[in-house]
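The data blocks that follow each hold one structure.
Paired with chain B in one complex and with chain C in the other, chain A is shared by the two complexes that follow.
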Partner chain A sequence: MRGAAIATGAVVVLGWPWAAPRYFVFLASLIVVNSIVAIGLNLLSGYTNQLSFGHAGFLAIGAYTAAILAIRASWLPLPATLLAAGLGTAAVGLALGVPCLRLEGLYLAMATLAFGFVVVEAILNLDWLTRGNDGLHVPPGHLGPWALATDTARYYLVVVVGALLVAAARNITRTRTGRALLAVRESEIAAQASGVHLAAYKTLAFVVSAFYTGVAGGLFALVVGFLSPDSFDVFLSVDFVAMIIVGGLGSIFGSVVGAAVITTLNDSLAGFQNYRPLIFGAILIASMLFMPGGIASALRRLPLLASQTPGSASRTPGSAPRTPGSAPRTPGSAPRTPGSAPRTPRQGDDR
Partner chain B sequence: MITRAMLLLLLAVTLSALPAAAQPGVSDTEIVIGGSNSFSGPLAYTGEQITKFGVDLYLRVVNDAGGIHGRKIRTVYYDDGYRPQNAVANTKKLVEQDRVFAIIIPQGSPPVVATLEYLEENKVPLLFPYQSSPVTRARRYVFQGMTLSDRSSKMMIDYLAGQRKYKKFAVLYQDDEYGKSFLTAFEKDLGRFGLKLVAAESVKREVTDVSAQIAKLQAAKPEVTFLVLVPGPAAQALRERQKIGWTDTLMVSTGPLTDERYLALATDAAEGVEGLSLWPDPVISDLPGVRLYREHMQRYFPKNEPNRYSLAGYFAGMLFVEGAKRAGRNLTRESLIAALESVKGFESGILPPLTIGPDHETQKQGLWVRVEKGRFKPLTDWLKSE
Partner chain C sequence: MTSAALVHVVVSGLATGSIYALMAISLVIIYNATRTLNFAQGEMLMISTFVGWTALRVLSVPLVVALLVAVIAAAVLAWVLERTIIRHAISATHFDVLIITLGLSLMLRSVAGFAWTHDEFPFPSFFTNRPLVVGPVRVAPLSLGIIGASLALMLALGALFRWTRLGRAMRAVAQNQRAARLMGISVERVYSSSWILAAVVGAAAGVLIAPVVFLSSKMGLIAINGFTAAILGGFGSMPGSVVGGMLLGVLENLAPLYLPASIKHSVPFLVMITILIVRPGGVVGRVARRKV
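Now for the complex of A and B:
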């Protein structure tokens, strides 16, 4: 049954460009790019309880790194460009993560918020490299003999990279590292007492998160084809946070769903022009009130789906869906009380 | 579950295989045009005025009078909040989903530039983008809206250095494409008179404190100081000058800046400031086209004050209608381009008689104004840039 579901999913994802109108191929690429960012952010915020409002900054670094490499070192193969975008951003993540070890909660949120602004300022001031406010045209990438000149070609690239990163994220979250990250989220003191090296794992979360976002940035540059500092404002960072809250904190599946929902919503609300922020905000508030654990946990509560979802039978009732009292808590609030359903990655979180 | 997904897939395939209309956006009864614009973000007010209260105002007048060759015009706008990636997404949606015939009056250099290549590739006319950088020049599918910066510069320098014999010029400019395109143009045009800028100071976008730059400019003792800024920092520059009592320079605003909003922000510090205005005064001008614009505004949107943004949109709507009328009943994207290129001596009653021609520039003039008692008073007739 599970295999069938995955196969159906794969068929739909791979067949999408042949079935959907061209615009929706582009939109699907954006959804995958945003999913990668959301997974990266979720590894940091959802798993390790470090809230970041600066991921637009990481995305910008990845996007500009990839774009500048594509322009100035066009002989570099595309996978290497994307990898460089990820690694470069990860290095910045390391540089930001270490000083941020001392911060938590609101203070961390403030520091990351400031980071986002600093990145935009840096892009503006490095205008000999980034062309500042004038923006940068990104040449279509080449993958061996193929030029990624069409929306469909770019879509497949994005999907392949996205699938690799989803698989990697599942592996991270299911191994010792993932459990250590979750332990840090639940209680730093308890985690430390059980032998989890706090500083190392919190920094690791920053680095991995930045890597994901950097690779996503590289893909973003290719998919959109034009970069300007205006692309990476603070509201984009807020959108990313909204994705993981709506989708479900601490869930890979939730990150993807959240990215899909917010991206589609943003797109379909563009037609409401100046009412867009109002409607968008109202939907966010409503979903936080009525689906406090995000879509991922709300889906799990549906009896129809629960019976179809593999592994759900083994789940003890009440363990997965958070109780309303504990659920709307965002990372950064007080440590969880023992009664609020501590979760382990085995509970289908990463599906 | 599998069957449902397959059904959906099948449905999608059938839908996408339906035959496409011969000319996108044109049916027997309707023409659909649209654009991505700022309805949120820093330029939301401008975006709303040029589209809903500008283009749409003129199109409502035309539609109520029966449309163009029996077709009514419908507009679709999407909000990009000044973000280039949203402008790209919106433009793709307009072209591929809404199947618009043409893109009209999108705003701001970054969002517009981000969509240029896509529109050219798909041969979609981009009509009158609301930005002044020459990056959009000399493209087959683009018709310029606002007077481009190099033309503005030429008129300003010819008037000030040629007619009024000023010799020492300085610039306070925004550090981006808008500011820098003016800076290079000023340098070039001053060179024709054997002059050089005595000082040039830049302001980062979104920065409002300009006191350091004003102090440095004052030290260079220019006779004329150009402001190439947006309303907020420009008003700040004027107030700062008033505060430090710097009176022996003439402050001059560029075309895109010379608007009512900037006057309102600067209040009495704007008195005596001069500038190049791209439009006649929307509130007090007696030109027949501007009077008609005010009447239409009063009829359809009585609560909306006349302003030059909606006037610019109104004019864009008028030009589109003129092009579509000339193209005739058999309206295609190519016939629209040919029709617009053939516009000669078109009387809008707002701007001087308009001839477009192969360079696709619809505005090449401006007039000199001075702020007196909080309004722009014209000092010259239309200045030419050719």
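Now for the complex of A and C:
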């Protein structure tokens, strides 16, 4: 049943350009790009309970890196350009994450909020490189002999990269590092007691998150074809946060669904710009109060689906039922994972 | 740059700095009580200042009354938001409340756009902008007034925390919520009071700064500088917030003199990162350790 669902999904995704009008092919590419960002952000928020309001900044860094490479070093093959966009962005993430994640607390949320503004400011000021407010035209990419000149070609590129990154995210928890991240998610204190270096793993999650967003930025540059600083404002960062909240924290499937919902909503609200923040704000509050696990966990609670995938929930990171808010994260409350050994640590202060 | 001109720059830096300090204090008041950040703090400031401005325009009341209206509006807004929305997430993680306040900030800004448009409006001040000349030094009474009024407000807050029953309760909850509850303190009431107190401080800050930065729906972005000021002072410390705010204000005004002018908007971020690298506990504080 699960296999059939995946097969149907694959057929729909691959056949989409042959069935849908051109604009919807473009929209679908955008959804995949946003899904990659959402998965990246979810690796951070879903595992380490940290929040970033600067992912629009990371997307901008990835997009401008890829665009400038495509213009100035056009001999570079496309995969190398995308990889460079991801690695460059990851390096910036490392520089930002190290100081902000050393401490307990919400420093990252505050610093990334300011970071987003700094990136836009930097793009405006480095106008010899980025052409500032005039915007930057991105040449169409080449993949070997093929020019990615049509929406359909770009769509398939985006889908292939997206599929690779989804597979990577699903497999992250099978490694030693991934198990450490799982332990951090279940209980920071228990993980620390088992020898997991909290700051290092939080920073790692942030760097991986930046890498995903950087690659997505490179794809964004190709799909949209034109970059200007005002498309990377703080509201885009809020959109990314909304994607993972609506879709479901800690769920890859949820990230994709959230990206689809928010991107489509954004597109249909294009004529009602003034109502957009009002609606998004209401969605955020309502999701937190009434649907804390997002769409992913709401779907899982449907009896039809729940009975068909028993046990799968606790194995993969993508489908683990994690409903923040429904249970207080006291130490020892959920030693589901290998590595978080102490079952009953001493109960003490709330913090 | 003459030293007289430097005095002018530093004084106006201290003026904006005292507003950052008030912003940081209101963020810290809520943080200490509930261990969460209020991302809607800036928007609450903006809305209450707009309400005061409306009283000023429509009823043409004196400025003092407008200040009072703004403060009352802030208190009511905070009370309503806390009771109808935040209270429902009282058992949730700080993460959830953070997202809720993010949603609130979007909604409040949008509502302000509908009520008052997204334009900028001039706002009258208690103090004149005509410079006061003392020998070679020129100082704007506006700056001195903002600094004086902010300091008075900070002293009043200090007294409230030190000597009143509510202040003691708030300090107790900040130290140890469970112990405070066992001592018979209503933690819920402290939550509400914190939100109201923070909003009132914010409204006063809004009325003080609006003549300088203009009144607009974007005014809430000042909260970012409040975050920076609070981190600079070691998040959670009131005296630290004051020092951090003043320091940030002065740095922000001095930086464009010695560095490229375009750096001004990046100063809060650079200061925040620098302090987190060099002295993560803030200029006066130390790193808080979580006890198990």
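Quick note on the criterion: the second predicted complex is superposed on the first by the 273 of 351 C-alpha atoms of A that agree within 3 Å, B and C clash if a C-alpha of one lies under 4 Å from a C-alpha of the other, contacts with A are read in each partner's own complex, and residues count from 1 in each chain.
Everything below uses one rule, namely that a residue touches a chain if its C-beta (ideal position, glycine included) is under 8 Å from a C-beta of that chain, and two chains touch if they have at least 3 such contacts.
Note that the structure is a prediction, hence the values are computed from the model and not measured.
Q: Go through the superposed model and pick first if A:277 touches only chain B, second if only chain C, both, or neither.
A: It touches chain B and chain C both.
Q: Could you say whether A:158 touches chain B, chain C, both of them, or neither, answering first, second, both or neither?
A: Neither: A:158 stays clear of chain B and chain C.
Q: Quick one: classify A:4 as touching chain B (first), chain C (second), both or neither.
A: A:4 contacts chain B only, not chain C.
Q: Of the two partner chains, chain B (first) and chain C (second), which one does A:27 touch, if any: first, second, both, or neither?
A: So A:27 only meets chain B here.
Q: A:106 contacts which: chain B (first), chain C (second), both, neither?
A: A:106: touches chain C, not chain B.
Q: Have a look at where A:228 lands relative to chain B and chain C in the superposition and call it first, second, both or neither.
A: After superposing on A, A:228 lies in contact with chain B but is clear of chain C.
Q: So, does A:12 touch the first partner chain B, the second partner chain C, both, or neither?
A: In the superposed model, A:12 contacts chain B only, not chain C.
Q: With the touch criterion stated at the top, can you tell me which chain A residues are shared between the chain B interface and the chain C interface?
A: 124, 274, 276-277
Q: Taking the complex as given, what residues does chain C use to touch chain A?
A: So the residues of chain C in touch with chain A come to 35-37, 85, 88-89, 91-96, 98-100, 102-111, 113-114, 176-178, 224, 227-228, 231, 235, 260, 262, 265-266, 268-270, 272-273, 276-277, 280, 287-292.
Q: Using the touch definition up top, name the residues of chain A that touch chain B in the complex.
A: My answer: residues 4-5, 8, 11-12, 15, 18-23, 26-27, 30, 124, 127, 132-135, 137, 220, 224-228, 230-231, 233, 235-236, 266-267, 269-274, 276-277, 308.
Q: Which of the residues in chain B come into contact with chain A in the complex?
A: By the definition above, chain B touches chain A via 1-2, 5, 9, 12-13, 15-16, 36, 39-40, 44, 48, 52, 76-86, 88-90, 92-93, 96-97, 109-111, 113-114, 117-118, 175-177, 180, 204-205.
Q: Of all residues in chain A, which touch chain C in the complex?
A: Checking each residue of chain A against chain C gives 45, 49, 51, 96, 99-100, 102-107, 109-111, 113-115, 117-118, 121-122, 124-125, 189, 238, 241, 245, 274-278, 280-285, 287-289, 292, 324-325, 328-329, 331, 345-346, 348-351.
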